[in-house]
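Each of the next two complexes has chain A plus one other chain: chain B in the first, chain C in the second.
So, the complex of A and B:
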């Protein structure tokens, strides 16, 4: 399937998530991990999903991939569409088959995601052999091509090696190569550089951007690093306690955040080019998912909170100019708020 | 800098680990030079940021400083007194002065001990450190000091969040009233919104208690924020050191430059203006480090220098002979405290 994003001027979304809600049954009761999440990603575009641990950013992408263990998880409502196909009505097996051909995922911990007892070449081509019945010789040749593609030096030799013989950065390249083996149209990268050193992180992000531009893939980058987001994303979705609290283009969101959480997050990161006094801090901590505060989930930590925030949940999407949304009672005030 | 200003001084410190082969004979076949000739000084009440990637030797250096590992060579001076070759009892006494805050607050606290036991454990080892008023009172005060509720003294680590656990780790380190805290990546395991809280707590404690910090981190932005002086390590050696402003504004080693440029700046409008130096490859193995300058195999500057040193030489990306054969010494730049170990240090900022 090919999509031409610019034929009629507006990009056709490849992957579209609408009003997704996911619950988990836990000993402490039912936890709503994702609540009303919507986003879309088009060919050649990068969507960054930003959030802290427990915000629901990883759970939602596991749902997209059909990798959620159900139960304990349960998809309460919503839709996940790829091309024209509704994935959630397919049943898990068919869902995974669609993903296998079209959507691939790169996980954070490359060492844990690779099988230590098989060679890297064997793992790289597992999908090709299983799905396309490729012969071993063809598969090995393809594995070498894939490693070349992700710039692993000396690929011919290295397909015969095992994961422990690779450095952290090289392992992450193998993961990316594996994800690319089926020529996906959408790539989901879950914290792909978190465990890596700064200089290696830069190498991997550059590699991802190059491959994306070349193949016009849609890229979903799940991260907590606002620096990485600023460098690569086109659109940003900020998640807090299972909800998308703000969605906007990368330039708008950094220039004038319209949700207090985004604003606080941007204010609390130390910068290389600035030496400041005390670091701005978000008081408290992300809520325990079994005890999400009433009203707006962010209100106990919010500098803008008023009575209405404690009483009523904010509208899920307050529409703002430039196609952006914020889930805040005071979205417009926050956006126009000037600290200086 | 007068000597009384310096609370901790490290001179030519090295830690080598033997590489052995065979089961019975365990032949000595080489060594990993984890730390190889590092000299540093930490000033009283100040923070020295130690920056480097994995494999640079920064954590080994910390282990040697707190006495977990014995140095292969070199001296460690605490308040001017050489403490590198002490006996058991004296080393124990030394540990009162240097305490450590660990990276991972999930694995560095014993899950079977209550918070009171964890924080108070140090008093069992250092009975003379128990303040007047007794152990229980001291522990409660410490918890209060780091922003935890003293009534939670009987709770267990799993009942706390990551940020709170790191506060417990800090309280434990403070129990014996040390002069120096070694903080090994103290916030890298925490959520972004929590990191600032812990950094601010560390800064407050420093102001109130006059503590000196050796702050080890790979996050250059956080080091920029907290450190007064910065030292950069690569493959067991120091490649650059100086005040925070000197190192960050005039980075004078090609590795430091590359490291800084690799840090993403959280501002999309600067996306196209920044020139990023992306280093090729990984850090070489410390078992078999490159000859000459350890960095020459990944250096972006060396090939540019070759044409100048040897104009008749080929136009290919070759490396100047001096980089391949001679290990550069840490030399002073414009200011006597700003040091860089590069044969072409003066040219780094020009490129």
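So, the complex of A and C:
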């Protein structure tokens, strides 16, 4: 895969998602979990995807990996391209094979995401053995290297142990090591630290960004935590009710959010001196996915809402200076609105 | 792993001891309530008091505690434990050592159980696995229907139908086609033959296994379905592995754990089926021996055989526990 910049200086994206829409057939009707999502990641860049629970962050990542269960899920439209390859037209088997070699995912709950009956070493090198025919002995050596890489102490001994013998933080390191085993060009980390306590969270995040910088991977970081976003991301996609409501560079988004939802998220960064916090600070709740409000989905909770918001959905992308977009009738007003 | 096994073995011995003691209490109570089983030795004849006394002594029934209702008869129990420890399991009323009877009968029962267990697992894993993989499709519904049908057919109906409808024409055809001592002819023989113990046991064993297989089909289906959607299986898929590899190393491997446990549980249930099967197919096995001993009030044989069955059950449980631990490291390293 090339990382050469194109003529105008922007890097060629490794992974490009365009207008992705995903539905679920449920007993209560069809749920549109992702609706017109687009983003791209280039080598060495970190894209943060943020949004409340149920906004479609995991579902869209699973679609990228070819891991959606269809049915109940259905990809309604859109495109997912890796390099020059359209993954969605490959068929599930080939799609997964491409991802196995090039795109890896770190799942949220490492204990559940690791197989309890196989040793950590076995799982770390499973793909290398099964897909690349690596010998058992080489695989063991490689497993030790991988654990060393993610700074699990005493790696030689620990490759023989089982997931339940690891602490939460160490397990998440194992997940990361496993994702790195095939030298992926893109890594998707789905809330890699939510199950961990605060100091361990910081260590894992540091490890992830170190590895990413060293290998020049494209990193998609899914998170709830706007504080983390500020520290590690280059670009940010904010999702609400299955849509990307704002996309911008991390600098621009913190300097002047152009969507009321982003503004609310930034107002809710948990501070160390405050207990709880998180996103719950935004008044109201995300919409019931079977009954998304008419007009702008965010209007019942929006401080900027006007009549037009209740009647007409905002254009999906209002283009703003510096290559940023916002899905809001009043994007420019919000961006220029000053009171922080 | 070593400590785990030691603990299980000790637990096994304790269970066995408790079973023997319970059995002793029950037979003691039966003797105290129903009168002296030494009488059975003489059939319809009325023995002289000295003859009766001689027989009582021979079968260890001469202790006065057997005449006192409610006396637990600890003395004879301890004595019996001592005898058993020296390999002396007593004699039947006809004077044949219990060890001799058991050593002829037990291998046939064990053969039957081997066939039964293999049938359970083969049918359960195959049909349950297909149903799970093709969940909601016609084959899944078909297999679930079949499992209900199997449940509705008790073992003795299966055996009756087989023995009186299929076995005779099949074995005649096999004899005519392959010769009377050929394997097919033996397979379909309507009754057991000690010279060809394995061959004549296979079909009854498969039928007994089939009768108990419905639970396994459902269990394997449920276990695999749950595993198919497990997070760790999704992780395996994310590695770009083939669905076959994922199925073998993650789905089937992990769902084997509850299935093995079930073998241990269902095993005792199958003992009951074995009695019926052995009876109907004239198999000289533990079930048949026990059945007859109970009818004849042959106390030594009853106690000896039940003790042995209990020992077998304990051993099976132990094997299941060890396999379970081998399959699930979370148990091994608890």
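Here is the rule we go by: the second predicted complex is superposed on the first by the 321 of 340 C-alpha atoms of A that agree within 3 Å, B and C clash if a C-alpha of one lies under 4 Å from a C-alpha of the other, contacts with A are read in each partner's own complex, and residues count from 1 in each chain.
In the analysis below, a contact is a pair of C-beta atoms (placed from the backbone, for glycine too) under 8 Å apart; a residue touches a chain by one contact, two chains touch by 3 or more.
All figures in this text were calculated on a predicted structure; none of them were measured in a lab.
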Answer with first, second, both or neither: which of chain B and chain C does A:116 touch in the superposed model?
second
With both structures placed on chain A, which of the two partners, chain B or chain C, ends up touching more residues of chain A?
B
One more residue to check, A:182. First (chain B), second (chain C), both or neither?
second
Quick one: classify A:228 as touching chain B (first), chain C (second), both or neither.
first
After the superposition on A, what does A:104 contact: first (chain B), second (chain C), both or neither?
second
Can you list the residues of chain A that touch chain B in one structure and chain C in the other?
none
Could you list, by residue number, the parts of chain A that touch chain B in their complex?
52-53, 153, 167-170, 197-203, 205-206, 224-231, 233, 250-251, 254-255, 264-266, 268-276, 278-283, 285-286, 301
Residue set of chain A touching chain C in the complex reads 65, 67, 69, 93, 96-101, 104-105, 107, 109, 112-119, 126-127, 130-131, 162, 164-165, 178, 182
Contact footprint of chain A on chain B as seen in their complex:
53-54, 161, 163, 191-197, 199-200, 203, 218-222, 224-225, 244-245, 248, 258-271, 276, 278-283
In the complex, go through chain C and note every residue touching chain A.
229-243, 245, 249-250, 253-254, 257, 327-330, 333
